[in-house]
Amino acid sequence: MVGTATSFAPKPPPSRGQLIALGPLDPRPAAQLHAMPVVFDCEDVEVYYGAFRAVRGVTLRIHEHQITAFIGPSGCGKTTMLRTLNRMHDVIPGARVAGRVSYHGIDLYAPEVSATEVRRRVGMVFQKPNPFPKSIYDNIAFGPRINGIHAKAELDAVVEKSLRSAALWDEVKDRLKHSALGLSGGQQQRLCIARTIAVEPEVVLMDEPCSALDPIATARIEELMRELKSRFTIVIVTHNMQQAARVSDRTAFFTTELDAKRDRRTGTLVEYDATSKIFSAPSDERTENYITGRFG
Amino acid sequence: MMTSVPLDPHDDLARGGALTGGLDLGAKPSWRTTKNALMIAVMAAAVALVAIPLVAVLWSVLAKGAGIAFHAFPDFFTSTIPVISRKAGPGVGPAIVGTALVTGGATLIAVPVGVLGAVYLHEYGGTTTFARLVRFMATVMTGVPSIVMGLFVYLIWTMSFGYSAFGGALALACLMLPVVIGSTEQMLRLVPAPLREAAYALGATRSRTILTIVLPAALPGIISGVLLAIARAAGETAPLMFAVGAATAYNPDLFHEANTALSLQIFGNATSAFPAAQDRAWGAALALVLITFIVTLIARVFTSRLALKR
Amino acid sequence: MQLSELHGHKQYADRAFRGIALGAAGLVLLILGLIAVKMTQRAWPAFGVPFLSSTRWSAPEGVFGALPFLWGTLYTAVIALVLAVPVSLGVALFITQVAPPWLKKPMVYLLDLLAVVPSVVFGLWGVLVLSRHFGLGRSFLTAGVILAVMIIPIITSLAREVIETTPVSDKEAALALGATRWEMICAAVLPHSKGGIVGAVMLGLGRAMGETIAAALVIGSALGQITPNPFASGNSMPAVIANEWGEADEPHKAALIALAVTLFVITIAVNLIATAIVQRSMKRSHGT
């Protein structure tokens, strides 16, 4: 089913409490992670596509300046859940979000709340890099321009700052006016990240940002994520458990449940805790089975 | 596979067909192969049949038109139309101006309305009943005979406001509108969804996304479609007959006074018994065909640029 | 964070844009509606049983029977189809099944050129070359020939589209059994494309019936003739409107507009049926 667990699964499967070292984890203790301010507070969130319930029972809190990872097998609703945080479901006809998603205490789905305002504060990087068919400069400047910044000096500054933050400046500074489509896949994704942070959001959502990239490009983006953590709050969906273990502070594990009546699978949140705990001593058996690769 | 030496059928047969087991793989003439060749010849003949009228028409236009047009160059394209039609002499200047006015006016009306309408259908309307109804009606509208459009404009404009180039522009705009809507919507469909999503995720409103991302991305295709619609509109006669009138002098005014157009001149002069008038018809035909071909060529350039970008 | 910070400020401009676009789309409905209403209104006095059944059309007497023009329109369209369909099919099959790749492009260009030439120019050629030079005179036949030349590009391009949706596996199956090219066409391409080709032909029919100018120039403008003789002069609905409008008085005009309305209804009906047929056949083929 899900391909990644097989790439991780060693032979023989480790026993409970003993896992192969997954790389440097966040040294901050779990208690400290809990103490940081809450950005998103989700209560019993469900997402419907028409009559089909794609995700149910999601209750979790996203804390400031942390990297939170959503992991789980395909179809478990992690991307669906991610998209509730910046109201991207609005553009899909027939999609409906139930439950409460609050952003700094405000109900994100209240009628007075404007989706475009939300998205200015909660940015998103997509799975496949999607630069506009414009120049590198114009890609980055798009966000600031729609927020009223038109002075050339200001725009130049914003473009340089964003590209530096995305570790792309040195590679493209001489060809800012060239088409963004001429960059490699990894560069395009870093461009998309730069484009997203150019509007200075508070939160950056990332939907499997590295799945279309080679390992070296992936490593660079992971490094970028760690640097950006200090300025932004990051929520990342990934099907690569090692990645989650490498970069995230907290991890949420989703899985699918079979709805016997309708023979459809609904995604649901199983466990959400500090990454160190999830990968060393998960509370739920399903989490453990997934982590250790006992189910694919 | 087994032998490294290519198999020569003659060698093989000489050796008694030992390698191929005595099979004869040569072509055998039969009724079937003859029939095949015959039908293919018939198809090729059809192609030739299509080329003949095209070549014949273009030849006539070129030969006869060039005769009068360049005989008194550039007078033909600039001087006014003789009022008494049996008089010899050029030109069709006013008709060129008239065609330009009418086609230009129609474009200015039909393109914004058509593009915006297609934007609504694709970006907002989707599969709602209203959108489906409009799409359906636009298809119906492409089939309306041009003479019906002409009479319609007569009823709503010419009767109240008299002959003018604007009436002609209105009629042509009605003909162009469904074509522009159809081709624009097709181009909008080709813009990939991730592009829109990226803009939304940055906090852009629907309208801004459409204006700054979607339309620019679809632009070459839209322009190509518009140019083709213009080429067709420039050649229309029937819609203009009831709206534009039959002026012989220059009339650069869009809204007042009768005007004329190349297509009207051709129509009017074609049935004339006077050779001078007929010559003018050929000359006007040459001018019209040249304009149409050039516009179509430019449209093709845009289509190929669109293909290159991908 | 205050709730007011999340209010939409740009919403009015956004909604206004949507409204304008909606209005533009609605204009299509408005125009079509106006056409139907205004023209029927004006034509009303001329409509009546004699309009559609009488064969006498005499302006000075105020008698308007449209039958000869209905006949003319139909007859010339049929002649055009008889001439155009085999040629179109042959060309479409040649381009898609027989022509080598280097030949395809120029051929498509050729067809596009043919489609772009304005109908007046064809009419001019018809009147001054075909009917004079080649002595065909102005008749149903001449009109049919010109119409045929004009609808060939339409039928061909649509037929080509449908033919190209033939599944490659069907064609390969025929060839693998040792069929010749023509046999493969008969076995795989034609059965699959039948419906779409019929639709294409009907669209060509619609176009031929509505074509005014070329027909007006060469059909001969004779009144009252309902004859199957292709060499006779006749008249068609659009042609008579074009030729008689200039000097028509009010009741005459009403009758001409009534003709236009009839033409409108017929061509719309034909086009609708044709589009439905083509869409259905495309859908079926894409579903396989």
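Labels for the chains are A, B and C, by order of writing; each one numbers its residues from 1.
FYI, a contact is a pair of C-beta atoms (placed from the backbone, for glycine too) under 8 Å apart; a residue touches a chain by one contact, two chains touch by 3 or more.
Keep in mind that what you see is a predicted model, and the values were worked out from it rather than measured.
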(request) Have a look and report which chain pair racks up the highest count of C-beta pairs in contact. (result) B-C
(request) From the Cα centroids, identify the chain that ends up most central relative to all protein Cα atoms. (result) B
(message) On a C-alpha centroid basis, what's the spacing between chain A and chain C, in Å?
(response) 55
(request) Quick one: report the Å distance separating chain B from chain C, using the average Cα coordinate of each chain. (result) 15
(request) Give, as an integer number of Å, the spacing between the C-alpha centres of chain B and chain A. (result) 49
(message) Could you pull out the residues of chain C that touch at least 2 other chains?
(response) 10-11
(message) Where in chain B do residues touch at least two different other chains?
(response) 205, 208
(request) Would you please write down the residue numbers of chain A that are in contact with two or more other chains? (result) 116-118
(request) Would you tell me which residues of chain A are touching chain C in their complex? (result) 103-106, 110, 112-118
(message) With touch defined as at the start, can you tell me which chain B residues reach chain C in the complex?
(response) 32-33, 35-36, 39-40, 42-47, 49-51, 53-54, 56-58, 60-61, 112-114, 116-121, 123-125, 130-131, 133-134, 137-149, 151-152, 155-156, 174, 177-178, 181, 205-208, 210-211, 231-232, 234-238, 241-242, 263, 266-267, 270-271, 278, 281-282, 285, 288-289, 292-293, 296
(message) Quick check on the complex: what are the chain B residues that touch chain A?
(response) 126, 192, 194-205, 208, 212-213, 216-217, 309
(request) Under the touch definition given earlier, write down the residues of chain C that touch chain B in their complex. (result) 10-11, 13-14, 17-18, 20-22, 24-29, 31-32, 34-35, 38-39, 42, 86-91, 93-95, 98, 107, 110-114, 116-125, 127-129, 149, 152, 156, 180-183, 185, 206-207, 209-213, 216-217, 238, 241-242, 245, 256-257, 260-261, 263-264, 267-268, 270-272, 275
(message) Using the touch definition from the top, list the residues of chain A that touch chain B in their complex.
(response) 86, 88, 91, 93, 116-121, 123-124, 126, 128, 130-134, 142-143, 146-147, 192, 195-196, 199
